[in-house]
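Order of writing sets the labels: A, B, C and D. Residues in every chain begin at 1.
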C-alpha cells in the first residue's frame, strides 16, 4: 500500500502535539503508513497572506513540489490551518496557469499536480470506512459531544467538499461510530478568535467563552474539534476565562482523533490525552467498560 | 513606378464593392427601414435579401453569393433575446460561429464575411455598419477570380 | 409562362428625387417575363391601385412587383388590390425603393442602378411565387384554465363573462389558491377572504364555467384551436352529488393530527376534510395517504356518520378528455424552502417561520384566531424580526432574482403585528426596499412612521436559539456601520417566490418554455407578455414570474382578452408562411424536430395499407408552425422548404444579383 | 490470445448463437486491409485486426442490403464506435452489437450503451495526429490569399467522384444536397466553384457530428486533405460549445441546439 504523505506543520511539534500523537496512533491501528515530507517548511498560515499573496502561495507550493518529487500523491495535514493553505494552493494553481508559472520561477521547483490534500476529519472518516469502524471496542455510550468546526473545517469553496458551510456535519459519523451522541448546538462554526490568541487575548477570551457557554448550555460533556488553533483557544483559555472571574468553565476539549482513539481502546497517554489543560482523562470513566 | 501607384489608387477608388446582405424581417430589415425614414446616408453598394429570420439563412446562400460575385456578405438579425421566433437567431449564431471558421480557413476572412445584430430601432447602427463594411471591402479589394469560391468559366 | 407586371411609384418626390423612376420602369420592361411596366406618382393612391388592378385584368398578369416604399408599410395594401383583381395576393411582391434606396442615397445614377437591381431581384422572386391560401383552423370555443388561484379565477370569470365556455382545473380540493390564506392585503389592508370569496362563489356558479377541482392535467394533444386535454379527476371518495357539506363526517374522523396545508402546517386537519370553511366547492375529500380505512382497511367512521351515504371508499381516479381551443396556465407559486439556510437554523427552529405561516397567525380564521402566538409555546412574541430577501437575490444558495412581493408583505406583516401587539417590536432587516406600485411607497412609509416598524438595512448572518428559547438574531446595520444583535421571540423569513412544484412537467405537456428557475417563458418579454411560444397557450399570474395580486389579476384579464380575441372568429386564419417537409427524401435525423422553437415539427410514421411501419419522417404541424425557417436551414439534405421564402425563390434572388 | 483470435472466437460465437447473422470486420488483402463480411461461423478465420485497419465499417450499417440480413455485429475501433453513437443520437440506429477493439486492448462484445460507456471511460481523449495538427497550424499561419490559393489548387483536383461521401458513415442522407437540383445550389460540374461549394458544405454538414475517423480523406483518390477542414470544425465545436460528438447516444445536435451564452464575439 502506498504511504500517505504527512505534513506535520508547526503545531505538531508544539501546542498541538497530541493531535499528531493521536493521528499516528490511529494510523498505526489501521495499518496506514504515514510518510513525512522531507524538508518541509512553514505553510504560511495566518501571517504570509497579509504580507504577500505570492508568498502565501509560494510557501505551500514548495511543500507540494517536494511531496510530488518524493512520490506522494496524497497528503494528510492534521492541522486545519495547514490544510486550508495547502488545499487552497492546489485549487488556485489548478485555476491559473499564470500563477503556476510564476511559482515555478520563484521557487525553482516543478509542481505538476494536482495532489490530494486531506484534513483530519477526512482522514478519520477514511480510516473508519476502511475497517477501523469494526475495531471500535469501547464505544463511548452516553457521551454528549458538541462538534466544533470553527472556520477552517467548514468554509472555503472547493476546499471543504461535500459539507454545508453553515451547518457542517462531517464529524457526525465519526462521533456516532464512537458510540457518542452529537448534541445540537448553535456555535459549531463561530469564531474562536483564531490567531489572536497571543496578540489580542481579550477577543479570544470573549469569543471562546461564548462557544464554551453554548456547548455547556446544550448539555455537552465535551467539545470535539479538528484544529489545533481552536483547540488551544478553547482548552487553554478556559483558565484565563476562569481567572477573570467568568465561568468557571471545565469543559474538556478533544481532538476527533482522540475521541475515536478512545473508542478504539487506545491508551490515553498514547493519544496525548494527558497534555490537555482541562482534564480530559475523566471522560474515560464515562466510557463503558471494554467488553470482556 | 509612381505612375503604377497612382493607377492602383485610382482602381481602388473606382472599385465598387458588391455586398449582399441577408437580413431578418423583424429587426434588421426594419432597422434598415428606420435608416431610411431617418434620412441617414450610406453607400449604395449593399443589396438586401429579406428572410423571415436569421434562422432561415442557409450557408448555401452565402456560398452562392460569393460564387456569383459578391465581394462581401453581411448577415444580420435580431439581438439575442429579441428574436421574433424566440430562438432562430440563437440557432443562426451557432451556425455562423462554425461556418466562418470554415470560410476563413479557405481564404474568405473576416474582411468579407460580417455578422451583426441590428434591431428595428438601430437605423443609425445599420447605416454605420454598411458604411464601415463598404470601406473595409474597398480596402480589401475585389474577391479575386482565383478565389476557390468564385465561379470561373 | 410568367407574365409579370412592374409598377414603380414616385412617392411624390420621395423616390423620384433620387431615383429616375421612368428609367427603372423602362429597364424593368426589358426584364425577362415582364409584360407590363409603368411608373406613377402615387401608386398607393386609389388611381395607382386602379392601375395595378387594371393591368392584372387586362394583361392577365401571373405576378406583380410594386417598386415603392417598404413592404412593412404598404404590402397589405397592394396585396389587397391584387386580390381584388383576382390575383392571389401572395403573387405580389414589393421592391423597397424608398427606405432602402432613395432615402439613403444621394447619387442619382447609383441609386437608380440599385433600384433596378432591387426590382430585378423581386421580378425573379415573384416568378417563383406560388398562390398561397391562408391556413384555416377551426376553433373549439372553450378555454381551459389550469390553476384555481386568483389569476385562474379571474381569467375564467373574464372568459365566461365574454360568453365562452371555460373549464377551470384545480389540483387541490378547493379553488381560492394562496389568496384565500392571506389575512389582509397590501396596500389597502382589505380582508383577503372578503374580496376573494365572492369571486370564488361566482366562478363556481357561473353557467359558463365548469369547475374541476381535485384534478390535474395528464396529457395534451393537438394545437391552437384544437387541443385535446386529458384531465385526471382524482378519487375524492365522497360522492359530491349526494354530499351536502354538513360536516358530520369530519367531526367523526379519528385521524385528526394531519398538518393542515392551508394553515401552513400550524394547524391540523382530519383525513376527510375540506381545506377551509369557505372552500368552494364546500364539500370534503378523503386524503388517501392518511385515511385509516384506505391505509389499514379498518375504520369507516365517516361513512357511518354520513346520513346521505356519500362516502365511497371504492372511488377511483377518472380520466376525462376535453376539447379546448385555448389554454390559460395560472399555476401560481410556492415559497422557497429556507432549510437550505444553515445560518438561519436550517428549518429546525419552530419559531423561525415563513410568510404564509405569519399570514395564518394573523388571520382571523387561522389556528390562533388571529392572535399572534408563536408556534413553539403559544406565547405572544414581544420582539419579532422579519428578514427580507431570504433566498431571493442570492445566487449562491437561493435564487438570483428579486421576488418582488416580499418588501410589501413584510411591511404589511410588521404593521399587522404592531396593530395586534401594540407594545411589541417589529424589526425588519432589508437589503433594499422595492415599493414600485400604486400606493406602495406610501404604505411602507406608513409602516415606518405611523406604526413604528423598525427597519434595519443589512443582512442577518446568523440566527440561533438560546436555551431560554430566545432567538438570537445577529446581523449588520449597514447604514449605521455596526453589527446588530437582536433577542427575538419569533423570526419571519420572507422566502423567495418559486414556481409551483410540478410546473415543469405541465409546461412540457403544453410545449411552453420555462427559465432555469422554472418560471414559464412568455413569447416576448415586452410585446407578448401573456402569450407563450406555444400558440393558444397563455399565462396568468405568478407562474410566469413573482407577482402580487393586482399584477396577477391584470395579467389574468389580459390572458382572457387574448382568449376571447382568439375565439371571436369560428376559424383561425394564419399566414400561409409555413414549412413543409419533403417526406420522400427525409431520413429522419430529427435535427429539425429538436431545433424547432415551437415544437411544430413532429415524428410522423408512414405506414403501409396493412398498418406496418414503413419508416418515420419529420412532418410540420401547420397549426403550430410560425414560419421562421430555422428547420429549413438545418436540414442537410434540403428536404424542408418554407412557403414564401422557398429555396428556389432565395436562390433566384441571389443569382439575379450576379 | 491475440486480438484477432479473440475477435474470431467472439464472431464465431455470435454467429453460432444467432445473435448476429453477419459479422463485418477486417481482412487482409495483400499489404492492405479490406472489409470482411462473415455470415458462417466457419468463415471467421479471415478476420484480423491490427493498426492497418483504418476503414470506418459503420458505413455499412445503414445500407439496406446489410440491414436486411438481420442482426449485424461489427468490429469497431473507437472511431467506429463513435460513429455508431452519433448515428444513434440521430435516430439512425437503435441498437448495435460491436466487437470493441482499442489500440491497446480488445474489449469483447458490447451493445451500444456498453460501447458509449467504454468510449467515455477509456477513449475520452482521442487526439488527432501531430502531423495533422501541424498541417492545420501551418495553414492557419498563412495569409487569406495564400490559403485561398492552397485550396484552389487542392479543390482543382476534385473529380466529384463522391468517394468521400460514400466512405463516411454520417453521410447517410437519402438524397444528398448536391443532388438536389431545384434549385441546384451546388454545381455538379467538376469545376472550381462547384468543387468549392461541395467540399465546404460536405465539411459543414459534418459540423458537430464528425468524429475525425479519417475515412473521407483516406477514400479520396486525389489526396485532397479533407481532414484539415474536419479538424478545424471539430476544434471549433469543442472550443466554442464544449461538445465532442460520438460519446452520448442521447446528445442533441450541435447545429440544432443552442445556449444563451454561446460566444458571439464575432457578431457586431
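Just so we're on the same page, contacts are C-beta pairs under 8 Å (C-beta built on N, C-alpha and C of every residue); 3 or more make two chains touch, one makes a residue touch a chain.
Not measured: the values here are computed from a predicted model.
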**Fill in**
Higher number of C-beta pairs in contact (A-C or B-D) found for B-D
**Prompt:** Hey, how far is the Cα centre of chain A from the one of chain C, in Å?
**Reply:** 53
**Request:** Would you mind pulling out the distance in Å between where the CA atoms of chain B average out and where those of chain D do?
**Result:** 34
**Item:** Geometric centre distance via CA averages, chain D-chain A, whole Å
**Value:** 54
**Complete:** Cα centroid separation, chain A vs chain B, in Å, comes to 64
**Prompt:** On chain D, where are the residues touching two or more other chains?
**Reply:** 177, 185, 255-257
**Prompt:** What positions in chain B touch 2 or more of the other chains?
**Reply:** 59, 64, 81, 87, 91, 95
**In chain C, residues with contacts to at least two other chains** = 595, 634, 647, 651
**Asked** When you check every pair of chains, which ones turn out to touch?
**Response** A-C, B-C, B-D, C-D
**Request:** Flag every residue of chain D that touches chain C in the complex, lowest number first.
**Result:** 90-92, 172-177, 180, 182-183, 185, 205, 252-253, 255-257
**Asked** How about chain B: which of its residues touch chain D in the complex?
**Response** 59-60, 63-64, 67, 80-81, 87, 90-91, 93-111, 114-117, 129, 144, 146-153
**Message:** Which stretch or stretches of chain D touch chain B in the complex?
**Reply:** 139-140, 144-152, 155, 177, 185-186, 191-193, 195-197, 200-201, 203-204, 207-208, 228-229, 232-233, 236-237, 240-241, 254-260, 262-264, 266-268
**Fill in**
Seen from chain B, its contact residues with chain C in the complex are 18, 20, 29-30, 32-37, 39-44, 47-53, 55-59, 61, 64-65, 68-70, 81, 84-88, 91-92, 95, 127
**Asked** How about chain C: which of its residues touch chain B in the complex?
**Response** 70-72, 96, 98-101, 103-107, 110-111, 113-114, 117-118, 121, 513, 521, 523-525, 533, 577, 595, 597-598, 626-630, 632-634, 642, 644-645, 647, 650-651, 653-655, 657-658
